[in-house]
Amino acid sequence: MLGLGKKDLSLLILVAVLTMLAPFLLNPFPTDSGLAQFNAGYPDLMQRFVIFGIFAIGFNILFGLTGYLSFGHAAFLGVGSYAAVWMFKLLSMNVVPAIILSVIIAGVFALAIGYISLRRSGIYFSILTLAFAQMSFALAYSVLTPITNGETGLQIALDDPRILGVSQTEDGSIPVTHFFGIEMRATEVLRLGGWEFQFSAGYYLCALVMLVAFYLAIRIFRSPFGMMLRAVKSNQQRLYYTGLNARPYTLAAFVISGMYAGLAGGLLASMDPLAGAERMQWTASGEVVLMTILGGAGTLIGPVLGAGFIKYFENIFSKLNDNVLHGWFAFLPDGLEDFVVTIVHPFVGKGWHLTLGLMFMAVVIFLPGGLVEGGQRIARLFRRRKASDEHRAAQETPAE
Amino acid sequence: QESGFTNAPTGDTVTLGFNVPQTGPYADEGADELRAFELAVEHLNGGGDGGMLQTFSEKNLDGTGILGKKVEFVTGDTQTKSDAARASARSMIEKDGAVMISGGSSSGVAVAVQGLCQEAGVIFMAGLTHSNDTTGKDKKANGFRHFFNAYMSAAAMAPVLESLYGTDRKAYHLTADYTWGWTQQESIQAATEAMGWETVQNVLTPLAQTDFSSYIAPVLQSGADVLVLNHYGGNMVNSLTNAVQFGLREAQANGKDFQIVVPLYSELMARGAGENIKGIPGSQNWDWKIENELGSRYVGTNAFVKSFGEKYGFPPSQAAQTCYAQTLLYADAVSRANSFNPCAVAEALEDFEFDGLGNGPTSYRGSDHQCFKDVVVVRGKENPENEFDLVEIVEVTPTEQVTYEPDHPMFSGGSLGSCNPGA
Amino acid sequence: MNVRPDFSRHANKAETAPAFLSVWDMHSYYGESYIVQGVSFNVHEGEILALLGRNGAGKTTTLRSIARLDNPQVLKGEIWLDHQPLHKMRSFEAAQAGLGLVPEDRRIIPGLTVEENLQLAQIQPPIGWSLDRIYELFPRLGERRRQEGVTLSGGEQQMLSIARALARDIKVLLLDEPYEGLAPVIVDEIERTLRHIKEQGMTTIIVEQNAVRALQLADRAIILDTGSVVYDGDAAEVLDNADLRAEYLAI
Amino acid sequence: MGILDVRDVNKRFGGLQALGNVNLSVAENTVHAIIGPNGAGKSTLLNCLVGKLIPDTGSVMFDGQSVLGRKPYEINQMGISRVFQTPEIFGDLTVFENMMIPLFAKRDGSFRMHAFEGVSHERGLIAEAEKMLDEVNMLDKRDFHAGSLSRGDKRRLEMAMCLIQRPKLLLLDEPTAGMARADTNNTIELLKTIKKSRDITMCIIEHDMHVVFSLADRITVLAQGTPLVEDTPEKIKGHPKVKEAYLGEAA
Amino acid sequence: MDAIILQTLNGLDKGSAYALIALGLTLIFGTLGVVNFAHGALFMIGAFCAVTLQRILGASFTTIDETRTDFLGNPMQVETPYVHAWFGPETGASIIEWSVPLAILFSIPVMLLIGLVMERGLIKHFYKRPHADQILVTFGLAIVLQEIIKYFYGANPIPTPAPDALTGSYDFGLLLGMDPNVIIYPYWRLVYFAFAALVIGGVFAFLQFTTFGMVVRAGMADRETVGLLGINIDKRFTIMFGLAAAVAGLAGVMYAPINSPNYHMGMDFLVLSFVVVVVGGMGSLPGAVLAGFLLGILESFASMTQVINLIPGINQIIIYVVAIIVLLARPRGLMGRRGVMEE
């Protein structure tokens, strides 16, 4: 079905089910329990999971398949965001034209940068992409302020033209982004016992786009094109002497992954119409690299997992303050409570970076293939145990 | 129970969101803001000695929380990035049900988060933000600023600069290349030119710059005799250090002693600059010594310093004071409005006059949501008595001198819009 | 056959095989693939041993295991060289203990000239042949001493690789397909060299697809098949035994 | 005029004249062997034919068109395939995928954006790849990672990758080096069958005289960058100069 | 003219810092083949060695002075550094004042040790792993190191002045017969430049006049074969890493008086130093040094007001523009070797 093999199809279905049920799955703790802090099922974070998932999936098409490590992909995300916000300012608050434009602009941008950068390979390529991205960042941050609004970030305002929409709503506020009338920030809340689940229109739009992006990525991975890209990574020399020109392949991969980044940027702006220059900085490019490696470069699902992992830390761990900690450990005797809080304190809240750093190290040291490998190991362990259980069962049957 | 606005508190608690830089170059400021927030919540909930609650001109806050609801809070990390700050604020609103967001450090971040709060329908009580734009072209009906701004700094400093350095001066500006730097530079240039100074040159420096030597080196040759550093935080520490290294402090130009001016000051910055800050003038929103030195007009200061100092072991910074004050002001506004509805709160804050929070008599102007109060002009102390005694108060410029019309050109462009209660 | 001989120095040499190089029950893996499956053999001092077998039989893997390279992993077995337990060593220690391997893909080090490739071999004492002596044996290398090693022609690289092994003072020379890619005259030349160094007491193991040539040179032969020894005996006998040749060597 | 015409080709590397006035004409549907001592310039000559090197002077015509100045992939698309001296394969891909890539190159040209088509839907090509793998006795290794093959197998794989493109001219640089005798014989048979069943011209470099004399229609002997003689195998075998400079005892 | 001299001086100085960092990075990145994102952190730790020594020397005991009060009105606690008590206030003060130069001695063993531990404990396992994994693990390590420093020293810069004798500035203009105040240059920056030249020279001598460099280069190209030649390459890699860490640390120690150390100063330099190394050419030490000075000088010139007025924003992108031009014109940077990290 859908032109996919059985395994890929089940992966796609699994991902689809998980994303659709995410509001439930990510909110496992009742709202008034101490563990509610770990709930991730609110629109903003769920949107980020899937949007950065798209970003990482796209990055992986370039890096995972061809081995070309771009250190400037955030530039495309940023360009996509700016394009989308400008669309909101000039045209209308409908997200569709904004997203389409952001993909196109990012693609054009990627074509230009890729065309030049791909003249080099290895670290030289990485540094070229980095240089272009840092240049874009510096320009967006200051010189191009009229277009980007500098450090503050490009925002929509009351006096924007919005020729196909309204400049301001009747009550004098800035209109909100919508998908043919469905407001992106519209959220339905479902209360079940102590639990609270939020269903956000914006999230479901992003999730659907992500599923399409994921599906396309699977198709690319399994296509002759994808195979060529892996061949580029493996041995360019052989590729040339086999009658294939590696350049257009790598350039196509670069542009496709740039468009994925642009799509992510456009969605980001559609969910929250502000485009900040920081999202183009090298640290942002580094982040998608880390997401991809952390999840498992070259695997289909890895980048999405990596994106989720990092965003979770950034959003959840940074919010655990001493107050929360004291709440959790209140059951301990006072002295011990303080002691435990002191121990945990450096790792959460403002120390979330420390935990993240330690996690990076742990994952890459113990799971060289990233989180996907971790999953595989667990699966293998499970299968082995099951197999040996069955084995035992088989042995025992005759005895009955 | 109230309803009809975003995150109307249900149950017997209310949640506030404190969004401060916990990582990145402003992390120390952020940490101090957070201390102040925690202290404010403690006082609101009836813990401790009450601090400024005792001196505050309004007496609606009695230690039983806000409108009888116990105050809870969540914290988040802005990373001093607009994107991250908005994400953090959104999660406070969407996940934790915060009805008010406070904090922030850079003006870019403050403007971005203020925009978000406007869209989401919660109140934003700005913390550290000093750009004119926050209550100028980017002002929002749901946003309020207690901190002073670049225009006020300039207006307060001009007379002091005149008396210190005279009216015949040539100034060279180095300016951080973003909204705060631009407005700061514009303001101080206008104010100094009005008293006769000449502006030789204004150079924009990248925010990420760490070594300013190539920007400092040409200063002496330019014919200038004053260097104005429109820098803050690490930028300022580094540019000042470089300026001193290049001998600007001892130099002579145009037959006068060369001078360095830092329009926006903070204690934390002074600590970073060490010896180099000695004798260099600048302005502050508040100083922990102000009540001791200038008397009871600034009542509240000592109460706050005492409760803060006893809890944390050192005196609060102006960042802490402004965040503490903002929290009390919000709580008080809710009490007076008898509602958490942002529109009601905004109405209660607009044109609200108060005293006893350490800044002297203060008012929240309704037309742009900017607080007006005295501005402290300080300079680096030559012989500090202890590690907290880094700045000395030169003068306090009274409110009238720093007040401007809401339609002042430096603040024009945007409009408040109407208050948004959200859902 | 199943009694493990004692190779250690303290053993009574008269009782056990006085082998110079002994491999005992060696099992090697590439990751999960089990390649060398319990190989045992002895080489005596001053002997040339031919190690033969089809492609993929495990010859290279055997040599690499003896040389203690990180890959393959030897998970079981003992290797003794002149009473030194190689199986407890890492590759550089084994090399210091007197082992020299000429790897099958030559492994000329990129970025270094011919001469630097040779000098590199003489950094860690004990030092073997002098550069002059090497250039005398392979004049072509002398001519090309300043050229980057990897731009040499295939045959020249092979010479350099052998020369590099000789530049160190080694007790055992392991050659993995040394004749590959060499012109027949050069093969003759190298064969003469090998005989020459054998006369000086060098112990050699040679892996070679050109089985006839190798057997003519060797004293003894071992044939491997899918990771196990299927023949261990006189080299001349293999040449005579048509069945053996047909079954394992196709000659 | 042959299908391949090399006229007055010169190539220098710094002070070294690697090729000096090489003239060579290969007739269509013949096997032409190039032999010569190590470092004679054989591989260099091949490199000039496939666009890896550009000769300093001279011309190279293939099928009536000049190949000089063309990119390697363009030359391949003209119908020239090459097997390298050290195997060049896609080590991270499976053996099967290694076979599919040349098939796509042949069918789709040097670039095609087939990103949504699915390799598994290419039934025809798959069958062709499997047939070829069967011909070279590697079907059982279909799903192995090519990088973990033994070297003989890598070489066979590379040859299969070239053959499957049905090139007009196949260049083989020491195709049987490192192959077991049995496989060498199989390879000779394979090449013979292919030569008979298709229109194909081959240019082969080999040091294994058995291979050369079994396959070649004509032989060029290259020495120090210049052709020494060009003749039929019988004549070359008896040529005294060739015997001395190259063949040695083997003849 | 004078502006040009001045900016050249400035550039040399900035270049010294770039060159020193790039030199250390090249030892790790260009020679050992490890993409070390923690290199900036090593530089930062170097600077904090200076801070730490300043604190150690300034370690003090507390006495209570009843006559004065602190900010809360309690009796004042007076801190007296031990060195003041031991050597008298004057000698004591000057010992503390000289803490940055003294920190050079202090930092060498510390940095060597850190380098050693880092290599043995972590990097060792990553030589054969893909660059991507190296990036992830060293980036993780950099974050951890940063956070540790932040935990103990806070986020704001910590002033670490040079000794008084070296804090003034020198009027070069007078020397050249120009007007006073035209070309003024701080002493400490001259010291920094001289120091950088010394360290660079030392490292070159070590690698040039010994076979060490060749062995390590060979080991990076092909570890296995070098091992087959009886060489314990691991040991040399460790030494190399320690050396690189020490170079980074020294660069940091000496930089402390120029810009007050803060915990993220390493990250600020990190990306730039990678650019410098790559522009210089992978694996080339002279390349790294050359590129360091070149980019330093160009950056200085691009910050001249006249230039900025001509091309706005050029000062912020000059390094990247130059990097792009160099890499497009010269495939392997200024002096790079073929095959080093091109895959």
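Think of it as A, B, C, D and E in the order they're written, each chain with its own count starting at 1.
What we mean here is this: a contact is a pair of C-beta atoms (placed from the backbone, for glycine too) under 8 Å apart; a residue touches a chain by one contact, two chains touch by 3 or more.
The chain lineup, named per UniProt: A, E = ABC transporter permease; C = ABC transporter; D = Branched-chain amino acid ABC transporter ATP-binding protein.
What you see is a predicted model, and the numbers here were worked out from it, not measured in a lab.
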Any chain in contact with chain C as well as chain E: none
B-E against C-D, pair bridged by the larger set of C-beta contacts: B-E
Farthest-lying chain, centroid of Cα atoms versus that of chain C: B
Between chain D and chain B, distance of the C-alpha-averaged centres to the nearest whole Å: 76
Separation of chain D from chain E, taking each centre as the mean of its C-alpha atoms, in whole Å: 53
Chain A-chain D separation of Cα centroids, rounded to whole Å: 47
Shared interface positions of chain B, touching two or more other chains: 27, 31, 204, 206
Shared interface positions of chain E, touching two or more other chains: 316
For chain A, residues that touch 2 or more chains besides their own: 138, 141-142, 353
Chains that touch, pairwise: A-B, A-D, A-E, B-E, C-D, C-E
Interface residues, chain D side, partner chain C - complex: 13, 35-40, 42-43, 85-86, 148-153, 174, 177-185, 207, 209, 245-251
Chain E partner contacts - residues on chain B that touch it in the complex: 24-28, 31, 201, 203-204, 206, 208, 210-211, 213-215, 217-218, 220-221, 233-234, 237-238, 241-242, 245-247, 251-253, 268-269, 271-276, 288-289, 305-306, 309-310, 314-315, 385-386, 388-389
Chain B-facing residues of chain A, complex: 39, 42-45, 48, 138, 141-142, 150-153, 155, 157-159, 168, 171-174, 176, 185, 187, 198, 272, 274, 276, 278-279, 314-315, 318-319, 321, 323, 349-350, 352-353
Residues of chain D defined as touching chain A within the complex: 50, 71-73, 76-77, 81-82, 84, 88-93, 97, 100-102, 104-106, 108-122, 161, 165
Chain E partner contacts - residues on chain A that touch it in the complex: 63, 67, 69, 116, 119-124, 127-128, 130-132, 134-135, 138-139, 141-143, 282, 286, 289-290, 292-294, 297, 346, 351, 353-354, 356-361, 363-365, 368
